[in-house]
Structures are given as structure tokens and as C-alpha cells.
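Paired with chain B in one complex and with chain C in the other, chain A is shared by the two complexes that follow.
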Partner chain A sequence: MALYPSQEWCDAWKNAMNNDPACAETGKNWSFDYPGDFLFEIVPGSGLDKTHYLYADIKGGKCLELKMIDDPRNIQPAFYVVGTYGDFKPVVKGEKDFIEGVVRGIFKLRGDTSKIMRNAKFIRAVSASISSFRSEYLGE
Partner chain B sequence: MPTIDDFIRPKEWVSDFVTDIGKVLRDWGRDKYLPVRQKIDEDWREHRLVKPLLKEVLVDLGINAAFFPYEVGGTDIPDVCTLVCVLGEEGASIDSGFTVACLCSIWPMLPILLKPHRNMELLNEFGPKYCGDKLYVGCNAMTEPAGGADIENIGRMRGKTIQTTAKLDGDEWVINGHKIWPTNSGETANLYGVVCTTKKGSTDLNDFAFIYVPADAKGVSVGGPYQKAGMAADMNTDVWFDQVRVPKRYRAHGPGEDLKYFREMITYGNLASAAMCLGVMKNVYEIIKKWTTERIVAGKPLKEHSMVAAALSEIAILIEATSAWVHMYARQVDRPDIYGTDPWDEKLALKSRGLAVFASQAVEKVCSTAMDYMGSYGYSREFDLEKHWRDSKMSGLWMGGLGLKHLENARYWYELETL
Partner chain C sequence: MQTIRVIGELNGLGSFLLPIMENNLNNPERWKGLKQIKGSLVATERDSSVSITIFFDNGNIQLQSGTIDKPSASLTSDFDTVAAYSCGELNPIVGVLKGKISVRGNLLKLLKMVKLVRSD
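Entry: the complex of A and B
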């Protein structure tokens, strides 16, 4: 069981995403003629002591790269998501919905919203894949 | 320099993401719709321009899917009323008639779509069609030749005047009746939500029925489009139901429940209507601001004359007030846990009539005032104001018109007993 967040956890999520037929099917057009990478900023709290950054490069329904990074300044992601560890945890556990969190302003998402709307099924599938494997959490 | 985005919209309730969804629609409209906006009036009969544009918004931009549960292919966006208002506002700043067509596609689905009263059996059947790659359009068939306001006047008429009947025959409803005016009627709709009675002349609220009828069901026929002063992108025709048979499960919920959620649909209609008025007013603000800034009279911009400034002030006040009111009520609908009122509560249906009246009168005032200061230029097609002026008049006429709206608003605030 991987600790969220950690590189081991990133590897597990990448593996889950790439073995999920829903991600493959709904994301087959994702990021072909536009950038589709994500940077997640996980704000401390609820057991997390410092800000963590998680970078995911996703194309055509497949995750090409998923890694923890120390310094996000050299990355210009297509989508930048910010939320607290306390808010991300229920999403990772599958208890709360990521899109609902974005719509309600719990997570801040910067990027081309039209891409999210047009590919909402894919975003749903990706966020569902995050809870398809068991994780451990800080502060619990 | 203030823009339309500086009018009040509570950020505590309307997240950046929902605002961005609205901007997606706005940007699409400015890019794709504005170049043909002046041609839409001539497209009233055929909808050769309108239909592909409907597909772009409802399908390609994912607006249809935004409202449906994830399980049936939707995005399942929460706080539906706020989303409806943002979309209504942004869309109407481009074309209120077109926006009515878009939002009314979803409107009849609300009784089975909204939480916590989702009818998953029907959503499993209709949801994938709405969320698919092809255009699938809904139509809310309420009004009848005998009187539309009477049908919506549930509190007093209690369904007594509904002439469209639904009779259960084995496992099927048999529907007979005649509807007029529904948005997306004619050749546009794929699915009707039909207001019926299971017992003609009854005032028993259990006899009120809301039943879904596919447009291609045997016995459904439509008339030609009405030619109106405006709102050409909103197609209205007569619809006849002659011995139309649909499965028993096509009734939204059942006795008592159909009426309850129909009332919720009315509340949404009032709010969406007001939001669309707001969108029109914002575009008029842009038009009149540009005009009075660039037009030089007596050596200075028109807006620098005190009388004009006072009129411009009034326009801004009406926009600001409408926006605050729209989002306040949308919040009440979306968050019954905070306000303690179920979204289908009669109280919301009645008092949101007041908002609908206010917004429809505000938009008339704003269009007319702007035209006063643009003079004949405002009356000419070139400057787009006259289209808003013609289109938006309808927002005060539909859903029972001014009379019913005032009456129901007064019924709530003054506990009227005889009206």
C-alpha cells in the first residue's frame, strides 16, 4: 500500500490509470492537438507538513509520466490544480468527487475549462482511477 | 475600467470553475454565434443555422452532459441552479432566444434529473441520448390553447383546466391533447415532457401527471413555426398528441410527486428567465457604454452629459440588483441544507415569480433607455440593440406572463386566500 503523496503512490496511480479501460476509451482524444498535462499543488495540513507538487503528463488516455517534483517553477502545465491535503484525501479515498470539488471551489483549477467540459468523461475516469487502489495517508 | 465582469456575482457561491464554464459559452458565442446573430431572425422557419449551433453548444461544449449523472455519461455538476443561471446569463448576452432553446432542452428533464429525486430508470434510458455525440433535444410541453397561465397556476387552479389527458391502459399511458408554444417544438425536439391530467377537470393534485413522450411516437404531430417579433432561435409550434402510447414507466414519478417536482421546474424557469434578462442587460451595457463613449455631442462624449449619465447609472443599478437577486435565489435552491427550504417548496416557486417580474421589467427598461440615447441607431439592426429589445420582451410574457407572476408573488408575501 503506497503512501499518499509519494513517488510510490504516483507509480501506483499511473499503473491504475493505464490499466483502466475507461481512461483509455474516454481519453483517446485527450491532448493530441493541445497540451494536457496537470500539476497538482497539495497544500499542507491534515498530516502533511509542507507543500507537495505532483506532475502528470497524460495523452491519448494514457499517463506518460507521473512524478513528485520539488520545484514547479520550470513547469508550465496546461492545468494547475490547487487544494489542501485534507481536501484531496477524500478524493483519493473515493469518498468525494473531484469535479464536484472543482465546481464548488474546494479545488482551484487553472487551465482551459472548455477542454475539461468537452472531456468531462475522461476527467471523471481519471479521477475515479485515483481511488481504484488502496493508499495510506499522513495524519491517520 | 469596469466591464460586465465587474457586476456583482458572489464568488463565495459561484466558483471560478463555474464562471469559467460560463466564459466558455461566452467565448464560443462571440466566436461562432455573433457572426450570424443578425441572420437568425430570417432563420425562424427552417432553423438551418440554429440547429448546428445547438449541436455545438449542447453536445460539443458538453452543456447537455453537464447536468446528467456520471453513470449515464454525464458530468454531474453540482449546484445545478447556479450553473443554469450562469449559462443563462452568458448565453443570453449573445442571444436570449438561442439560450432559451438550449436551456429548455434540459428543462423537462429536471424532475427526474435533480437530486435527491432522480429517476435512474428513465435516466438510464434518456441520459445516454442526451450525453451522446448526436444532438438530442428536449421540450417542455405545458401550455394549452385554453390558457397557459392556468396550467402553471397550480396553487389555485390545481390542474383543473388541463385538457391533455393521460389514461392508463395496461402497461401504457395513452395521451391525448393539444399543446401550444413549447420551446423546441416543431422539428427540433426529440423528447417531450408533457403536462397531463389523469382525470379531466380534477383538482386533486394526485391527478397531475408529467409524462415523457418521444417525438417520434405514433400519434405525435406538430404544426408550423410561429413567426414572432423576436426570439427566432426559439422554435414554437403547436403539438398534438392523438392516442399516443408510451410505457407506464415514462411518468416522471407518480401521483403527487409529479406536481411537486413540476413546481421545482417552475422555480428553475423563473430563475433562468431572470438570468437571461441579466445577460441581455449586460450586453446592452456594453453596447451603450461604447456608444456613449465614442459619440461626441457638444464637444464631449455623450456619457459626459449629466442627463445621459443618470440614465446610464440606472442601467448599471438594474444590472447589479438583478445579478445579486438571481444568485441569492439560486443559492437558496442549491443549498436547502442552509436555507431549510426544499427546492420544490411552493414558497420558492411563488417568490421567484417576483424575481422573474423584476428582471423582465428591468431588461425592458434597460433596452428602451439605451435605445433612447442611441436614437434611431439603436432602432436599426446594425447595432444589435433592437434584437435584444425585441427578443427580451418575451421573457415577461412566458410562464404565465406578468399577471400570474405578480399574483403568485403576492400570494406568497401577503398570504392571499382568494387569488
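Entry: the complex of A and C
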């Protein structure tokens, strides 16, 4: 079981995403003619001692790269998501919905939200893939 | 360049929809229809019960979190339905008939106002 967050966990999520038929089907047009990468800023708390950054490059329903990064300053992602570790954990566990978290303002999302709207099913599939494998968590 | 005036702090739903709305204001075709509207729309996301209110005043559009008493129209829908409508996959009348969108108030005005969140 991979610890969330860690590079091992990133590898597991990338693998889950790339083996998920729903992601492949619904994400066919994702990032077709626009950048579709994400940077997640995980704010400390609930067991996490410092801010962690997770970068995901996704195109055409496939995850090209998913990695922990130390310094986000060199990255200009299409989508930037900020949330606390305590709020990301239930999403990773599959207990809470990521989009609902954005609507509620729990997660701050910056980027072209019209792309998210157009690909809502894909975003849901990606979000579902995150809880399709078992993970370990800090503070538990 | 047209902008939407934000009143107070926006909730997640408002923050999510604001860029789409502003993009539409700068679409000449869409702007033509929107600038003639006078009224208010309360939109609620069903699963989270988060609401926003949009005020239309002949080209001056304002957005705030939460609801108001006696809007011109109100609608309640889940995010996926809003997304489907936004990208042109769902006709709002079909959405109402199928029970995916609940509406109150001036339906004609509502159908004009919701074009503000179309992103197709």
C-alpha cells in the first residue's frame, strides 16, 4: 500500500488512471488542443507536516506523468488545485466527491473551468480512479 | 471588455462559473442577448446546496454567493447537469422535463439568463 502523498502513491494513481476504461473513454478529448495538466498543492495538517506538490500531466484520457515535485515555481499548469491534506484524504478514500469539494469552496481550483465543464465526466472518472486502489495515510 | 461585478466573497460555485460567464460577456453573439435582460437568477447546486445569485440589469451583471428573496427565477440542478447544459449537451427544457433541473419563477427569463453559463 502506498502512502499518500508519495512518489509511490503517484505511480499507483497513474497506473490506476491508465488502466481505467472510464478514464480512457471519457477523456479522449481532454487536452486535445489545450494544456490539461494539474498541479495539486496539499496544505499541511491532519498528519502532513509541510506543503506537498503533486503534478499530473494528462492527455487524451491517459496520464503521461504523475510526480511529486519540490519546487512548483517552474511549472505553469493549466489547472491549479489547493486543498488541505485533511480535505484531500476523504476524496482519495472515495468518501467525498472532488467536484462537490470545489463547488463548496473546500478546494480552490484555478484554470479554464469551461474545460472542466466540457469534460465533467472525465474529471469524475479521474477522481474515481484515485480511490480505486488502497492507500495509507499520515495521521492515521 | 465586459466584466461581472462580484459582490462580497464568492463561494466555490461562483468561483467556478465566473470565468465562463465573463467569457460569454465578451462573446458578441452571446452579449447581444444578455445585455437586454433585467432580473435576477438564483442557481443552486443540488448535491451541495451551494447557491449563487446573478443580477442582470441591461448589461450590468453582478454575481454574489448565496440566495435572495424573490428572484426573477431560480433553478436547482446537480453539477453534472449544469456541465451538460454548459457544453451544449442538454437542452434546459429537456432537463426540466426529465426532472434534472427544478425551476421556479419566470421561465422565459430564466432561459435567457442561463445562457450566461453556456461554454459551447
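Everything that follows uses one rule, which is that the second predicted complex is superposed on the first by the 140 of 140 C-alpha atoms of A that agree within 3 Å, B and C clash if a C-alpha of one lies under 4 Å from a C-alpha of the other, contacts with A are read in each partner's own complex, and residues count from 1 in each chain.
Simple rule for what comes next: contacts are C-beta pairs under 8 Å (C-beta built on N, C-alpha and C of every residue); 3 or more make two chains touch, one makes a residue touch a chain.
Keep in mind it's a predicted model, so treat the numbers as computed, not measured.
Chemist: Evaluate whether chain B and chain C can sit on chain A together after superposition, giving fit or clash.
Modeler: clash
Chemist: Of the two partner chains, chain B (first) and chain C (second), which one does A:A12 touch, if any: first, second, both, or neither?
Modeler: So A:A12 meets neither chain B nor chain C here.
Chemist: By residue count, is chain A touched more by chain B or by chain C?
Modeler: Looking at chain B versus chain C, the one contacting more residues of chain A is C.
Chemist: Just to be sure I read the superposition right, which of the two partners does A:M117 touch: chain B = first, chain C = second, or both, or neither?
Modeler: Both: A:M117 reaches chain B and chain C.
Chemist: Between chain B (first) and chain C (second), which, if any, makes contact with A:G105: first, second, both or neither?
Modeler: Both chain B and chain C are touched by A:G105.
Chemist: Once the structures are lined up on chain A, find the stretch of chain B hitting chain C; candidates are 43-51, 151-159, 223-231 or 277-285.
Modeler: For chain B, the listed stretch overlapping chain C after superposition is 277-285.
Chemist: Once the two structures are fitted together, what part of chain A is touched by chain B and by chain C alike?
Modeler: 97, 99-100, 102-105, 108-109, 113-114, 117-118, 120-121, 124.
Chemist: Using the touch rule from the top, collect the residues of chain B that touch chain A in their complex.
Modeler: Touch residues, chain B against chain A: 15-18, 20-21, 23-24, 27-28, 60-63, 65-66, 70, 73-79, 83.
Chemist: Chain B touches which residues of chain A in the complex?
Modeler: Touching chain B: residues 97, 99-100, 102-105, 108-109, 113-114, 117-118, 120-121, 124 of chain A.
Chemist: In their shared complex, at which residues does chain C touch chain A?
Modeler: Listed in rising order, the residues are 11-13, 15-17, 19-20, 23, 45, 47-48, 50, 79-80, 82-84, 86-87, 119-120.
Chemist: Which residues of chain A touch chain C in their complex?
Modeler: Residues 97, 99-109, 112-114, 116-118, 120-121, 124 of chain A touch chain C in their complex.
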